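Input: a single structure, listed below in structure tokens.
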Amino acid sequence: MEVVSYMPGCTLKTSGRNFEKSAITLFDILGVTMEELDRWVCCGTTYSLSSDNIMNQLAPVRTLLRAKETGRRELLVLCSMCYNTLRRAQSLVLHDKEKRDKINEFMYREKTTFDGDEIRVVHLLNYLKDSVGFERVAKRVVKKPSDLKIALYYGCMLLRPHEVSVDESSEDPTIMEELFSLCGVTPVYFPFKTECCGSYQTVNQRDMVLSRAERIVGSAAKNGADMIVVSCPLCCHNLDSSQQRVADTVRGFRKIPVMYISQLLALLVGADDAGDYRLHSVDPRPVLKEKGLIG
Amino acid sequence: MASTENRSEKNTRRESIEQFLYRLLKEGKVDAVLVPKRHPGGNIVSPVLISEPSQIKGTDPLAPVQTVNAASIVKELVKEPVDKKIAAVLRPCEVRATIELIKLKQLSDESLLIIGYDCPGVYNVKEYMHGIENREDKEAFTEEHIHDFLSGDGDLVRESCRFCTYFTADSADVDIAWIGVEPPGIIVAARSEKGRRMTGGMNTGDKDAPTVRKETIGKIEARREKRQKSGIDNLLDLIQPCIRCYNCREVCPLCYCKECLLEPEKMGYTSERYLSRAERKKQIRMPVDTLLYHLTRINHMGYSCVSCGICEQACPMDIPLGTILHVFSKKIQSLFDYVPGRSRDDELPLTTFREEELSEVEDV
Amino acid sequence: MNVTLSSSELKKEGIEKTAQLSGANFFSCYQCGKCTAGCPASEFMDIPPHEVIRLLQIGQIEEILEKNSIWICASCITCAVRCPKGVDLAKIMEALRQIVLRKNVNYVHPSSVSKEELRTLPQIALIANFRKLTG
Amino acid sequence: MIKSARLNSVGVFVCHCGINIASTVDIEEVKRQLAGYPGVEFVKDYQYMCSEPGQLLFKEACRSETVGGVVVASCSPRLHETTFRRAAAEAGMNPYRVEIANIREQCSWVHHDEKEKATIKAVDIIKSVIERSKRNESLSSVSIKTVKKVLVVGAGISGMQAALNIANSGIETYLLDREPSIGGRMAQLSETFPTLDCSQCILTPRMVEVGQNKRITLMTYSEVEEVSGYVGNFKVKVRRKAAYVDWDKCTGCGLCSEKCPKKVPSEFDRSLGRRKAIYSQFPQAVPNKTVIDRESCLYFKTGKCRLCVEACPLGAIDFEQEDRIEEIEVGAIVVATGYDLYEKEKIEEYRIGYCEDVIDGLAFERLLSSSGPTQGRVLRPSDGTVPKEVVFIQCVGSRDPDHHLPYCSRICCMYTAKHAMLYKHRVPDGQPYVFYMDIRSGGKNYEEFVQRTIEEERVLYIRGRVARLYRDGKKVVVVGADTISGKKIEIRADMVVLAMAMRPSGGIGELSKKLKIQVDQNGFLSEAHPKLRPVETLTRGVFLAGCAQAPKDITDTVSQAGAAASMVLELLSNEELTHSPTTAWVDEELCAGCGQCVAQCAYGAIELDTRRKKAHVNDILCQGCGACVAACPSAAVNQRNFSISQYYSMIESIV
């Protein structure tokens, strides 16, 4: 059994718990144990973009220190936002000596320092590709969904800035397409796969987020997708829970269920269910039943 | 070899090496071997060119003495292509100097097999003579020295050896490793295509295998690195005693000019010029331009200097030339990220240009 | 209203501060508008993204701060990834927000978020929102 | 003995340069201090040494029997060294015995507020040059016979123009191209801006003229394999690629192509049309010969077919043909290798929108061309319908230092305006849009052309870069912005034409190494001086023309090709080339053969004889830069009249 250190982040313990739960199921079937860090802290959700803000880097660096203490070189992350924040904090510490020293000085009570090169922050997709191997995932697939068409949505935080992109291309990524094609699911042409869902503006710019959802989900629907697959609890929220309100105002809007990468993968490799379906606004069960993924 | 088989109960590393060299010559892999050998008198050990296998007996590359940097001898031996195959058994600093000479096109290496070995360092010749003179068992002296090297890095070795971190011969064609190997064991490993071709079947494994070897090397390196100086603050004082005997130049394996630019004649010193200079400057120190001489030598040797320290041993005035050359060369070499003798494939710093090099002078 | 330009107007504190906080050289910008074209939020902004940079170039930071654009930006970094001149507009937007927020002026008041919203919104939405839009 | 004593004596002239020198340096004091200096025969001064009377004074002294050399203390040698050396030659003195001591730029100008010190420095400078002068040799110029033949690499409009100019002046010219036909990019174009002349119509007569010119030898379907030698005497090995057709027999009748069953996308038509595996590049090709594309040919792939063999009435097909290496000797080389377009696949944010209907500018030229795959009708490649909404995007890949190429490709503004206008002519009810950043229309009648496009043709110009393209059914959605109104713009286009950046054509890197010429940071060939030597390279005898040097339009290309031709003619107008004799030489006694000098030489002037272990300097190639002298640890390399002993004595005289 392989073991990998893992940091869930806050939302994966609450509204995004389907993400975590299905990932654990998936990894279990793949023969990998996700070992949650002992004392992880919230990543801060968004990476601070102002040059003098070191405070916001402390939280992710503390989590990276915890990861360092496990003695492993990798830290697995599922949530796109955690991935972005941790990965950029790690890169900042590695490349900016002045800030590194300041951060370590501030955390003098820690047993060790973080120098930036001890831990590699790895997103689920890259872990599956590089450590497990897509082929190995595909070999485990037991359910062959009849003609399931999915829209693979990357959003922002997996791709931008380019230095942290999970794919070689920030503009036209294909890593998810590669994975799901191998697993027997058909990705549809989806030109909005990298367009922002509106992110945290969901709190006070509801209209903007609704308009984003309309375009993104609308594009997926138009191109024949049965389902949208995401890697971020915030994208999931914005695209899923907005759909009813869009449908109320836009005639002919077709609702599509939104699921996490690991939810769909877990079903494909033989899990009985994909978590708590009450957490979905658009119930995925009719599609899943139709395609033979659940009984 | 009959003689070593007889005293199999107490074999030494020296004998293991001897055995390997004997086979090399006996089996016709090479036509001659250049290797340090103890002279009939029993004290001094210095390079000998051997073509008859039985003469291998008594060779002792591990003896802690270096009369010349043998690269100078290799340079002489194969200055033009020869049709005989010659194995040169060299200390790491000699291996590196040889490789520099190859890059400087000063020797043709087609028929040359460079055999390197882990070097325990050497004493100054005078100290060595003093130490060994009254010893009955000359071989035991070598063994004791190796013991010192492995444990405490025998403080009596020559200054350049005290801070040398290149005591393994990674860039040789074949290298003989013994650090971290239970005596009398040695590991013979080919490190180049030529090495593999010429010693096919004689290799006894890769020296990287025992972890104890890596650890021991690491410890010695760390100890020696600490002794390295980063600067010279009284160069003028240090050079004051120079009598311009040119010994340092003569023994340097890398000095390859046919005629030295620094000879007074080449520098255009005429009687008239000495006098007019003295007149203008009120007085001049004689011999003149010792500082210029040493600085020019550093300038010329700095790229390729392997810090063997042979110049310091040759200096009758005890000028710490080894340290001086080391400090300056290291700076020059680090500017170009160059380690002399590391590989035949590294290009000489002055013959290449990389966009990112010397960025500190860009704004000038 | 006419804008009167002078060297001191162009180098005033807010402009320098924006440059320093963002680490971006907004004078590299040649106003191609690719940021505006690709911005998912620009249609909700009072002034489009490239104009934010232009106003900085001509020293009119006050005008930017009066508009909603910097608060609409969702830090999706699409602009920075595409900019042909490597101007990181996402960082400039953050710097401008910081200039306001550090005066202890919140754009969003945590108390304005309803209980229902607090219950349904994912944590990352709330934390990110407060991080970006409160001091 | 008497002779050498004479040679060691020096006359000194001190120039006042009006007040330039004299107001700072005390000329009288200088004269006094130099008067007794060993070897100085006389010291004279004059207000302007470079003036007519100054020159007369100078010549008079050179004629005198008493001095072996002259030192002129004046301005930088860059200005008047040649003047004084020429004067000395006229007066019967070896010109290389004249030296300049720079007491203006290096003394009076930089020390005008420290007069006393400036005077001391002036004296020191002059003394040191006197020391050097005393040890100068009487050199004579190096000369070499030239081969009066020229190679032009690249047979586009640029190479053709240069070749015609040179050949028409009576000089044998080889015109080489890697394609089977001459004509280059211009042959692909439809009409040309700003006159809308048909490209083919103006180019074809030129091609015929080149083909029929007795002094031009065409070497098409060929590549430069190796270049050796030097100015006046280059030896070039040319690889004549196997066409698998005997060109001596082939008349270009085209029967073979008709019979050939294998169709592949045509490079000439930018894949919008197809060609056969045996093909002639285009109908007007010169020479009109066919070639077999080995990669596609069924016979080469399967060993079967041979339909072309049956079809050819002249028995010209020859599957056994192999590449040949031909060696030619030329005195000068013109490089006119042209351009390629940057690949559109590299623009990631447009990639999601790619379909057959997103094409680059050259492809659009083929659509517009009456000899193109659609006979000049603008039709969508995907379904052959007439596109009604067409978006043209400028600066794609250009002016994008962060992702692609930093420079302006210079011609896109104009050809995009032309594209939009021609489209409007072909499809009067269609709507063209142009996304642009700036309009650069700085040629004769260019701005008027653009204005006509906007005003009369009603092409809508939108100022902004396009952020991305995506496909939506049969449409391509163009997402851009209009920075003038501040609006985000979306256009559902039927067709999108990308004005891709220009870059030097493939293989230029290797060719530049073979020719020992430099490329700039963008891969274009470097000219010797951006203002004053725009068609020369730093390697003497190699000249540049056309887009290989930088993006440019046909007008500028033709002008530059003419300029390159005139430089070639100037070079070859002399029977012999002369060369400054202040070159490096190797003292074989001292040379240890380490080869460090070889690596230092930027001009490839030093060779190492590895057998003898001696370096040797080629006088003609040596530019006298001195890098080898500095590199040689043995002081075996010396430069004539810049010898190490001269330097020592110069230093000695002032320290």
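Note that the chains are named A, B, C and D in the order they appear, and that numbering of residues resets to 1 at the start of each chain.
We take it that a residue touches a chain if its C-beta (ideal position, glycine included) is under 8 Å from a C-beta of that chain, and two chains touch if they have at least 3 such contacts.
Since the structure is predicted, the reported quantities are computational estimates derived from the model, not experimental observations.
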| remark: If you tally C-beta contacts across C-D and across A-C, the winner is A-C
| Whole-Å distance, subunit C centre to subunit D centre, using C-alpha means? | 47
| query | In angstrom, rounded to a whole number, how far apart do the mean CA points of subunit A and subunit C lie? | reply | 26
| query | CA centre of subunit A versus CA centre of subunit B: separation in Å? | reply | 59
| note | Between the Cα centroids of subunit A and subunit D the separation in whole angstrom comes to 52
| query | So which stretches of subunit C touch two or more other chains? | reply | 43, 78, 82
| note | Residues in subunit A with touches to at least two other chains are numbered 170-171
| Could you say which residues in subunit D touch two or more other chains, in rising order? | 349, 468
| Inter-chain touch pairs (all) | A-C, A-D, B-D, C-D
| Mind pulling up the subunit A residues that touch subunit C in the complex? | 9-11, 14-16, 42, 44-46, 48-53, 56, 79, 81, 156, 159-162, 170-171, 194-196, 198-205, 207-208, 211-212, 233-234, 236-237, 241
| List of subunit C residues in touch with subunit A within their complex | 20-23, 40-41, 43-44, 72, 74-78, 80-82, 88, 90-91, 93-95, 98, 108, 112-113, 117, 120-129, 131-133
| note | In the complex, subunit A touches subunit D at residues 169-172, 189, 191-192, 222
| Complex interface listing, subunit D residues touching subunit C | 349, 395, 399-404, 437, 463-468, 479-483, 486-489
| said: Which stretch or stretches of subunit B touch subunit D in the complex? | reply: 104-106, 256-259, 261, 266-268, 273, 277, 300, 348, 350-352
